[in-house]
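Two complexes follow with chain A in common, the first pairing it with chain B and the second with chain C.
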Partner chain A sequence: MDFLIFQVPMLTLQAVLDGLLLGVLFALIAYGMALQWGVMNIINIAQGDLVILGGYIAYFMYLYGIHPAWGVIISPIIMYFVGVIIYKLVINKVVDRDLFISILATFGISILFMQLMNFAFGADVVLANSGYGTTMLFDNSVTLPNSKIFSAFISIVFAIGLVIYMKKSKLGRAIRATAQNARAAKILGVDTEKVYAATFGINAALCGVAGALISITFTIHPYMGLPYTIRSFMIVIVAGLGNLPGVAMSGMGLGVFEEFADYILGTEFRIGSVFLLLVLILVYRRFKLSRKREYLK
Partner chain B sequence: MKIKNIIITFVSAIAILFSTSVVSLAKVVGDKIILGAAISLTGKYSSNGVHTQNGYNMAVDRINDMGGIKVGGKTYKFDIIYYDDESNPKRAAQLAERLISQDGVEFMLGPYSSGLTKAIAPVTEKYGVPMVEANGASRSLFTKGYKYLFAVLAPANLYLDVAIETAVELNGGKGVRIAQAFEQDAFSQDVRLGILDAAERTGSKIIIDDKLPKELNDMAATLAKVKAVKPDVLVVSGHTKGALTAIRQIAEMKVDVPMLAMTHCDAAKLSKQHGKNSQYALCASQWHKTLTYKDDFFKDGMTYAADFEKLFGYDPPYQSAESSAALLVFKDAFERANSFDQKKVRDALADTNMQTFYGNIKFAEGGQNVDKPMVLFQVMCDDAGKCENKVVAPLKWASAELIHPIPKWSER
Partner chain C sequence: MNKNIILYGAILIFGIAAPFIFPAFKVQLSILCILIILAITWNVQGGEMGYNTFGNILFYGLGMYLCASVQVGMFFPLGEWTEGGGEKTFVHTPAQFFQGFAVGLAVAAVVPAIIAGLIGYSILGLRGHYFAICTLGLGVAAGEISGGIEIIGAGQGFTTPPFPNVDRLEARGEFFYFCSFIVLVFTFLAVKAIYSTRFKLVLNAIRDNEDKAEAMGIQTMKYKIIGWMISAFFCGLAGGIMGGLVGYIDSTDVAFDGREMGVFMVLMAILGGKGTLWGPVIGATLFHIFKEGFWTFFLGWQYVALGVLIVVIVIYFPEGIMGWLREKYPERFGEVVDEADRKAQVTLK
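Now for the complex of A and B:
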């Protein structure tokens, strides 16, 4: 078989770099999801819609003549409060219930957000131009848009910042304590209600950052949220819960895997192959788990 | 218990009231011919849904102001009942059912998009309600043997046909090497089939044939392949998202192709969102205001565009123009049928052969308009960065000369 990617060696490098840059951005969204899933045991279907809302904040800044890159600072601040408000209105009522109810609730929020954004911002596909230019390597045979490099850089900064914040700050420690054992944390004087609200807010803020970056690198549209939810969900599943470095690795890994699937299997199998990989990983996990159980018997 | 009874009585009273009042709204009331339309006023197609509605409304007002429709020696006026289908095919089918069986509508106008037209067509067909639609171009609409469906627009497989033919012509009649990327939806795949036909006809070779997943936001892989194999023509179709993504990433990745042809540039407001980066892109369009077709109601494209802008405050996209044309077709058919009998109106529609400001209209067996070619315009920008769409093909309608090949990024 003569695959183009093996005939033109530079394409391999291009694919790896494209995949990494894409993966880092997705990993940031997955970071937020992993965090609140771990702490609150809630799978947030509205994750992608929060991302898009964050994107619209950057887009409107761009429309009013402010450089959209400032969106990575403004958008998370606004989105933090949006997250806290959503928590106070809806999530706090489902946080101790089973997973199914939280999925239903966040699914509802997702639909509401989609329709509201469509109503408020219109159904046009929009984007913000950063005007960042392009980095060309190896005599123009590998090209990397600077906007994507910028996105990846910002994502890494926020991800590392979050990890440090979790380790060092008081709130971070409270969040980790609540994640380990909410009841024990409560008994020891942690205000879990506040911790939950902050966690949801931080998640929304991360979505805000990612959204601003997506408006610079890709396009935004009120109904485009779901793919981001699904992608971050997959990244978290592959990494395993409570494994933040794993989220970063699996995000980038999936990004690169997807690029190669595109070249080797064809663009139409790109998303399908990622799902196939997910199934294989789940089957493998189950297999491993069942062996462990037998051993315990 | 008492309260429950009261509620039941109340609800049923309202229901009876509704059913009687609604049924009395039949197809022709007094001097009004009532048409029905389910249009996406909310949901993901809402922008184009509104363009469609504006096109319909403008034509209704114009026809009514200019004397209305003469049937059997009496003058009638158009009126439209609109429902919002929420961009949802299921809802559209329900609303069509409701328009016909409850509101008594006997003539329908089409919704926006191929998907929604596909949902409505079986319903109108079942009841024998003639429908003139202006926004469903998918080829599969015209191969099902529908007898009551008429489309004023050219079918999707002809959208980019002209581009391939132009490329071959510029190549001295020899076949060209084509790279194509199409989204996996009914419309874009129809456009793809058209390209496959054109390639076979002209002896061209397709060297990249990517099918983009709907949820895909990134075309980097496809474009990297294009850079590696250097085709003569790059064809992209994936609605507004596809057009915007392609232009952004072609500029960012500095992809040099001699010809870039795509769909939905109008709807994507390509030159407004991307400025000079969109320069030289060739776009398929059903209509452009500089075309010189004429009729008695809107005169010509330029006049239509000016009148439209006065009313709605923006330049009409082709979605509005074709929607207006649908009403001209209905008026013409009613007058020729000289009757409101659905069968007779249907036959008159099938015999349509007219020119409108939007183009010539003549329906084939399947209901598609075969007398109106697609046009290609090219985005052309001046030094100040102001961009304009100029028709470049077919030559008969061209208002500017095609710039070919596209200058390399390093020379721009």
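Now for the complex of A and C:
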């Protein structure tokens, strides 16, 4: 094997660290997807586009001279309302329907968002420069941008905050009750319509946080949404709905996988390898379940 | 029956005469034929079998690349051709062009079908939305990966052999139009023949309840794979012709164009009515007219319109035109209507 990564052991460490920090972000997006999937039984293809939209909010703050890190607070607030509006316009009509309907409808939203963002923000690859500098480790052989550490830290804070919110608050309890049995929750006086709207809003807000962090650490582009959707879908099916440690673990695992794919196969195959991994995971689970005469539900 | 023959005859005559009646729209008409083929093939899977796929674009793009590669590779070294980009150092003689195109089309049809058969066993074991997302992943992965392969042009694309210089200027458009029209007729007749056999009933049984179908002793997996192979066969053919027609193949924008073609074929079939023979044809025709109008007059806003159209069709019109007609005139579809029963149901609701 004459790959560079096997000759330089420090590169392996670099890839693992990069992957872990990236994976935390993926896990945050996947958490939102697991939430809405579990509660509303909706697969949101527009998830990645919400992320990118959140990123553009932070980017615009950066353009107008505000430090993009504030986007972590502003972006989710705006995105919450975007999410609620999307819910009121489209999602509430597909909640009780076939899952394919929701996939297709959100695919439509995704295409719409892509193009609107393309109009509004242009087709350039942009990033919001946070000016955080870099940390050098191990004799300057491993470089870690501070923005990545910052983004991983903020993601963890938001994830833990949300977990506590879901456990303790009234709305959190209502959301969990609706996820368990929407009909029973309705009978017991939970306004499920409101809960659904709030769930979709919270999901969009999480996407907003993740997007703002991505615009600081990586780059954003109007058409980059779909890979984020696929990644979060993959993380959710590997971890299972409602398994938060699993989401975090598989998110970081995916991050590390991507970094290694990047080094070994080359950057041009990075996105392709993510999509192929999705296919492989699904096929693996299908064969595993088919031994028990079951299938993925 | 007699009425049907007149109808088919009229459509056939119109199809043959169309390029001479509307000489300016030959390319549009050819694309219409391709779109109808794609909608019909998607319907075999999504409509009749209930396996909603976003991944038939895989076979379409594969057919496109295969047809062009074979057409070039039969006579010239493929690597040098793609390296040359738009500059043509080799020129096909007419005989070479047509010979290569014919062989290329055959390869473009057969290889995707074989690939569908090979991967079918793994992928068709998934159900519902897992299948949809998995095939979506397959389509995008194919686009990304083919964009990194040098011999088929990688990121810079692949120009298909230019049409040979024959005396008539019109020849290129007519050639591709008749190619696509003949394939369309062939596809339609083949699918119609398939739909009149037990095979269609099996597919419908799988759609309605796969577990029960299996319990009744149907080897569902076998039928699912055959259904997918049929889809892939015609998708590959359509892709091969489209490659020649467009003249330029790019991995993510032309061949594995999940954002356009991949969605179009789903949308057209749903617009016309899933699970009907004529639905995809009607849906594709209407969609193409709408699309061309929009693409011409509101350039730039087409994806916005497409997104809105998808949402509106999916939410408010999921049964499609044929489904709506069926609801309105059930007698025409051979359903026996008990008037009293029908009214009773309405009042109950």
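In this section, the second predicted complex is superposed on the first by the 252 of 297 C-alpha atoms of A that agree within 3 Å, B and C clash if a C-alpha of one lies under 4 Å from a C-alpha of the other, contacts with A are read in each partner's own complex, and residues count from 1 in each chain.
As a working rule, a contact is a pair of C-beta atoms (placed from the backbone, for glycine too) under 8 Å apart; a residue touches a chain by one contact, two chains touch by 3 or more.
What you see is a predicted model; the values in this text were computed from it and never measured.
By the touch criterion defined above, A:Ile111 reaches chain C but does not reach chain B. When the shared chain is aligned, no partner comes close enough to touch A:Phe158: not chain B, not chain C. In the superposed model, A:Val90 makes contact with chain C only, not with chain B.
Once chain A of one complex is fitted onto chain A of the other, the partner contacts of A:Tyr196 are absent, as it touches neither chain B nor chain C. By the touch criterion defined above, A:Leu22 lies against chain B but remains apart from chain C after alignment on the C-alpha atoms of chain A.
In the superposition on chain A, A:Ile271 contacts both chain B and chain C. When the two structures are aligned on the shared chain, A:Ile103 is found in touch with chain C, with no touch to chain B. By the touch criterion defined above, A:Phe119 reaches both chain B and chain C. Applying the stated contact rule after C-alpha superposition, one finds that A:Phe233 touches chain C and leaves chain B untouched.
Note: residues 115, 118-119, 226, 266, 268, 271 of chain A belong to the chain B contact set and to the chain C contact set alike, using the contact criterion stated above.
Chain A makes touch with chain C in their complex at residues 43, 90, 93-94, 97, 99-101, 103-105, 107-116, 118-119, 226, 230, 233, 237, 266, 268-269, 271-273, 275-276, 278-279, 282-283, 286-287, 290, 295-297. By the touch rule above, chain C contacts chain A in their complex via residues 52, 122-123, 125-130, 132-134, 136-138, 140-141, 143-145, 147-148, 154-155, 259, 263, 266, 270, 300-301, 303-304, 306-311, 314-315, 318.
Listing the residues of chain A that touch chain B in their complex gives 4, 8, 10-11, 14-15, 18, 22, 115, 118-119, 122-127, 129, 134, 136, 140-141, 143, 145, 147-148, 214, 218-219, 221-224, 226-227, 259, 262-263, 266-268, 270-271.
Those residues of chain B that touch chain A in the complex are listed here as 42-48, 87, 181, 184, 210-213, 215-218, 220-222, 224-225, 227-229, 239-241, 244-245, 248-249, 252-254, 268-269, 273-275.
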